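Please go over the structures that come below.
In the two complexes that follow, subunit A is the common piece, with subunit B as its partner first and subunit C second.
Right, the complex of A and B next:
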């Protein structure tokens, strides 16, 4: 049996160490978790995402106290009770709405940073895959939350998205009705998506975040040059007091203080949006109660889903669905499609840098086109942009196969 | 079976898998539409007051049902529901692409879906955009000048056998 000192003061450092090994935990997770020095502000996005998720939980808890998951009560519980009666109810709703939108902006920056610096390769594949699982779960979380105010956009987004499960010509009407618990989105539908939004999906997200962090611990974070650092040697220098010569800093408190600085700048912008410009996250059409007999004249998803929606839209039904399906899963395969041996920033990888910026521009183009009405020239441009997106992946395979080892 | 321990392992695993499957079945059934939802039965539509080229929207099982009395210049179609001398389009008013409700444009005599730009003619046949099939004809029974939705009458069965209901 382990040794327990009878004279140790309850809750003293020694007492806790004997029971929880807190010094070891602290060392492994923070004071001797080494972060390269050669990074920039883009490496702070992970902690910004964690903090934003924290804000979503806190604001969500307060919304949960007054929200009523019932087709007859949901709309008013949000738009009258929470917005009009509950003290500072508007604050929680606007934090929740703005954070749900901004979190995707940060996720995209986080992803593109990973792609630019080849941070999905050589030992970091599981970080990328768990990150993609987080992206998918966050998307489901955003969609289920969008149902809850039970406005026109909630209802019709629910109708369109659940219809995707019909699988085009497969006509899986039974599956769609099973998901809804009804022929059309109704009470059973609203309550089950409420359950998913406030319990099951957040639980999955928390589990995935733990896994995402765990998959990062051994390979360590990448750096601006993709340099393979000898962490043991660098750590030894740092601990010897040669902090200048060492290539690393400890996660806490050194890296964290940089993170908190970037977070501070981010939260200034974030709360500026919450207090003065929350409208962008509040679709005006969703302030009309859900009506199953009236489609709004123009249906579009929130901005962060527009690019993949636009891959679905310009094609006939079955090819559109297949293209959409590919768009949903293709990023998972990135570490395996990229055949290059190099872990380096895109600007040192020849053609890859062009590939990267074409991808960024194409996704922005898809996003813009997804918001425009599906008419005339926009449909054609949408087809071109969607085709480019699909072609990007075989092209990536070829250009990375040809890439010379640096 | 090499040892007692293997046998115990297999027995435990087998019973756990059985219990797990039973639990999955229960979970699947809990997500099924409720009997009260499924029983939401039949809708009767009176056609005697219908006017030509004016779209009526009825509600059946939570879905909009288009009832359009065809004018003489609209070509007849084997999807037409004939009641007395009059021809009608009767269809579920959800675009066969992804389920938005198309709007009727009486001047052009077409249905236009705002979601993804699909169009249907006055017989409910797709004429433009992503919809892969015509508007779906719901089960109906003609009863004098009334239409009972949800019940399969002889006219509906004939259409279904001809494969023109969807």
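Right, the complex of A and C next:
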């Protein structure tokens, strides 16, 4: 039984310490949570993601107060009630729409940073895997959210994506109908995606974020050189005041001060997009109400799904689906495909740096091709780019196997 | 320095993706349509007709190649050869027709241009205008598919050349002649029997240009030009105009039935009910809207939407109104945007100073 001081004033520091150990919590999670000093602004992407997710939650709550999940009311509740009648409803919607798109840009930067600096290896495998789980859940969250305004693109993207569950030649039409709750996207479909978007998936995301942070605490954040730091030793130096000699800084306030500066710069860009350049995140096609009898001339997903869409599209049905499935899971396996003993930035890892930039360029090529109409040269280029993507993984296994220890 | 290099790399690839999926991809998805600055002299129509001739020629070449291929095959079944020959015949007929259309359009618009040069007599025009009042009487009764528009401001709203063309041949003027085997079948086609001389057309148009004028608000321009066919539910506008307020539900329902009846007539005439325009301003790009209103065939070949002949100034008013309804936050965005951005610029500067003070004795 712990000791409780009868005379401690309620809610005083001592009183709280006896009950919640707040000093210990503060020490462990912030003032003595040590971060390497040798980092650049890319290390702020995690906090930027957290902040953007916060914005999505807050704007989402405001939108939820007026949104109506009903095929007859959804479009007008968004485009008329929220965009026109509710004070600043348009602002919350633009923030929500732009944040949903930009959050993927930051996720991709965050992922590629992790790959470049080998931050998925040697003790950091679970950080990578939990991050990938977050990516997948965010994708589901984005897709389900895209259904809600019930515009033309909501409807037809929903039709195309749920059709994938037919499994090509397996013809699992029963599964597709079970997912939709109907033969085609309709009211049952809209309401269940509404539930997923505002309740189940955010809950899962919050859980995964906690897991992602927890998986980071023991192996610590990586640094620009991939150097293995003796954190206890470095922390001792820092606490002794030898800040120059120490290789670490505390999370709060030193690391945080840099994060907040980067975040500020990010918000300048973010709100520029919210006010002046939002069409990329709020496709004009989706301002036409859903119409099951009128297929739009071009159906395409949001930009962040285009690379995997283009791995599906240029091939015949079954091989395309298999390639698509591989693309969805292959990044999870990255820590195990990479056989190199080194944790180091790509430019110190020989062939790996070439592999990395080919991956970046190939994924960008797939992204652009995914939006272009599937005609003539674009289909051929798409096939090549998709084949390169699939070949990248056995190649990674071989080149990292050959990589010499630094 | 390293941070700036990294930033440059990130910015470069981000902009590359943006360029690829936005301006570049969209330029490949939608064929570019050249506008004609709301000048209605038939240039666009003749261009269109010429393109059709070119396309038919190509199809004819293909049909001929196909026949040659079929004939090369030994023991080709007779019916295949007949089919290929029929295809050629079909394209040849289409080509004759397409070439006739070009000639016809050239003649028609040349004629319109010469009518525009005639010395017009306004008082004769006023007398002839009485004929128009038989239908354009403001009674709100559907005739042949739509309620004939009110002409009280026609002189301000519509282009002079367009009005001349409209009296000469309504289907040709509104570029929907492809819908009719005989353009007399157009709901306003009877005007071709009633106003027969070029001089009479010049007189009526001059009368309209001088007397049927007035400065109109954007909403009024929109209602006169578009509302015959299009509803705007966010502004409670239907094909019958502004929806009145009703105290009794019974009256509201009775009115709704009248709207449904009118929509059924418009639908029967147009082939489908023309779309509600509430959100159209955000669903289409400004360039699309402009070229589409100027000449619907350019963006939607074969559409039954007629060209309405608005002047550029009045198109701008239509756009203003559609923005008021479909994008009401535009002024608020412009007003608040700079302040929010300024806030974050100041925030960033302060955050940078804080960061500097925290990191000053670390290196």
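Heads up, the rule we're going with is that the second predicted complex is superposed on the first by the 406 of 406 C-alpha atoms of A that agree within 3 Å, B and C clash if a C-alpha of one lies under 4 Å from a C-alpha of the other, contacts with A are read in each partner's own complex, and residues count from 1 in each chain.
Quick note on the criterion: a residue touches a chain if its C-beta (ideal position, glycine included) is under 8 Å from a C-beta of that chain, and two chains touch if they have at least 3 such contacts.
All figures in this text were calculated on a predicted structure; none of them were measured in a lab.
Engineer: Please indicate which partner A:23 is in contact with in the superposed arrangement: first for subunit B, second for subunit C, both, or neither.
Structural biologist: The answer is neither, since A:23 touches no partner chain.
Engineer: In the superposed model, which partner reaches more residues of subunit A, subunit B or subunit C?
Structural biologist: Counted on subunit A, the partner with more touching residues turns out to be C.
Engineer: Is A:233 touching the first partner subunit B, the second partner subunit C, both, or neither of them?
Structural biologist: It touches nothing on subunit B or subunit C.
Engineer: State whether A:280 touches subunit B only (first), subunit C only (second), both chains, or neither.
Structural biologist: Touch status of A:280: second partner only.
Engineer: What is the contact status of A:298 with respect to subunit B (first) and subunit C (second): first, second, both, or neither?
Structural biologist: both
Engineer: Look at A:364 in the shared chain and tell me whether it touches subunit B only, subunit C only, both, or neither; answer first, second, both or neither.
Structural biologist: second
Engineer: Using the superposition on chain A described above, determine whether A:244 touches subunit B (first), subunit C (second), both, or neither.
Structural biologist: second
Engineer: When the two structures are overlaid on chain A, which partner does A:316 contact: first (subunit B), second (subunit C), both, or neither?
Structural biologist: first
Engineer: What residues on subunit A does subunit C touch that subunit B touches too?
Structural biologist: Common to the two interfaces on subunit A: residues 297-298, 373.
Engineer: Could you pull out which subunit B residues touch subunit A in their complex?
Structural biologist: Going by the criterion above, the answer is residues 28, 31-34, 37, 40, 57, 59, 61-64, 96-103, 113-117, 129-132.
Engineer: Which residues of subunit A touch subunit B once you look at their complex with the stated criterion?
Structural biologist: Going by the criterion above, the answer is residues 156, 159-160, 163-164, 168-169, 177-184, 186, 188, 192, 292-299, 313, 315-318, 320, 373-375, 379.
Engineer: In the complex formed with subunit A, which residues of subunit C make contact?
Structural biologist: By the definition above, subunit C touches subunit A via 2-3, 6-7, 10, 13-14, 16-18, 20-22, 24-25, 28-29, 233-234, 275, 278-280, 282-285, 326, 328-329, 332-333, 336-337, 340-341, 344-345, 347-348, 350-352, 354-355, 357-359, 361-363.
Engineer: Hey, which residues of subunit A end up touching subunit C in the complex?
Structural biologist: Of all residues in subunit A, those touching subunit C are 37, 40-42, 76, 79-80, 83-84, 90-91, 105, 109, 243-244, 249, 253-254, 257-258, 260-261, 263-265, 267-268, 271-272, 274-276, 279-280, 284-285, 287-289, 297-298, 303, 306, 360, 364, 367-368, 371-373.
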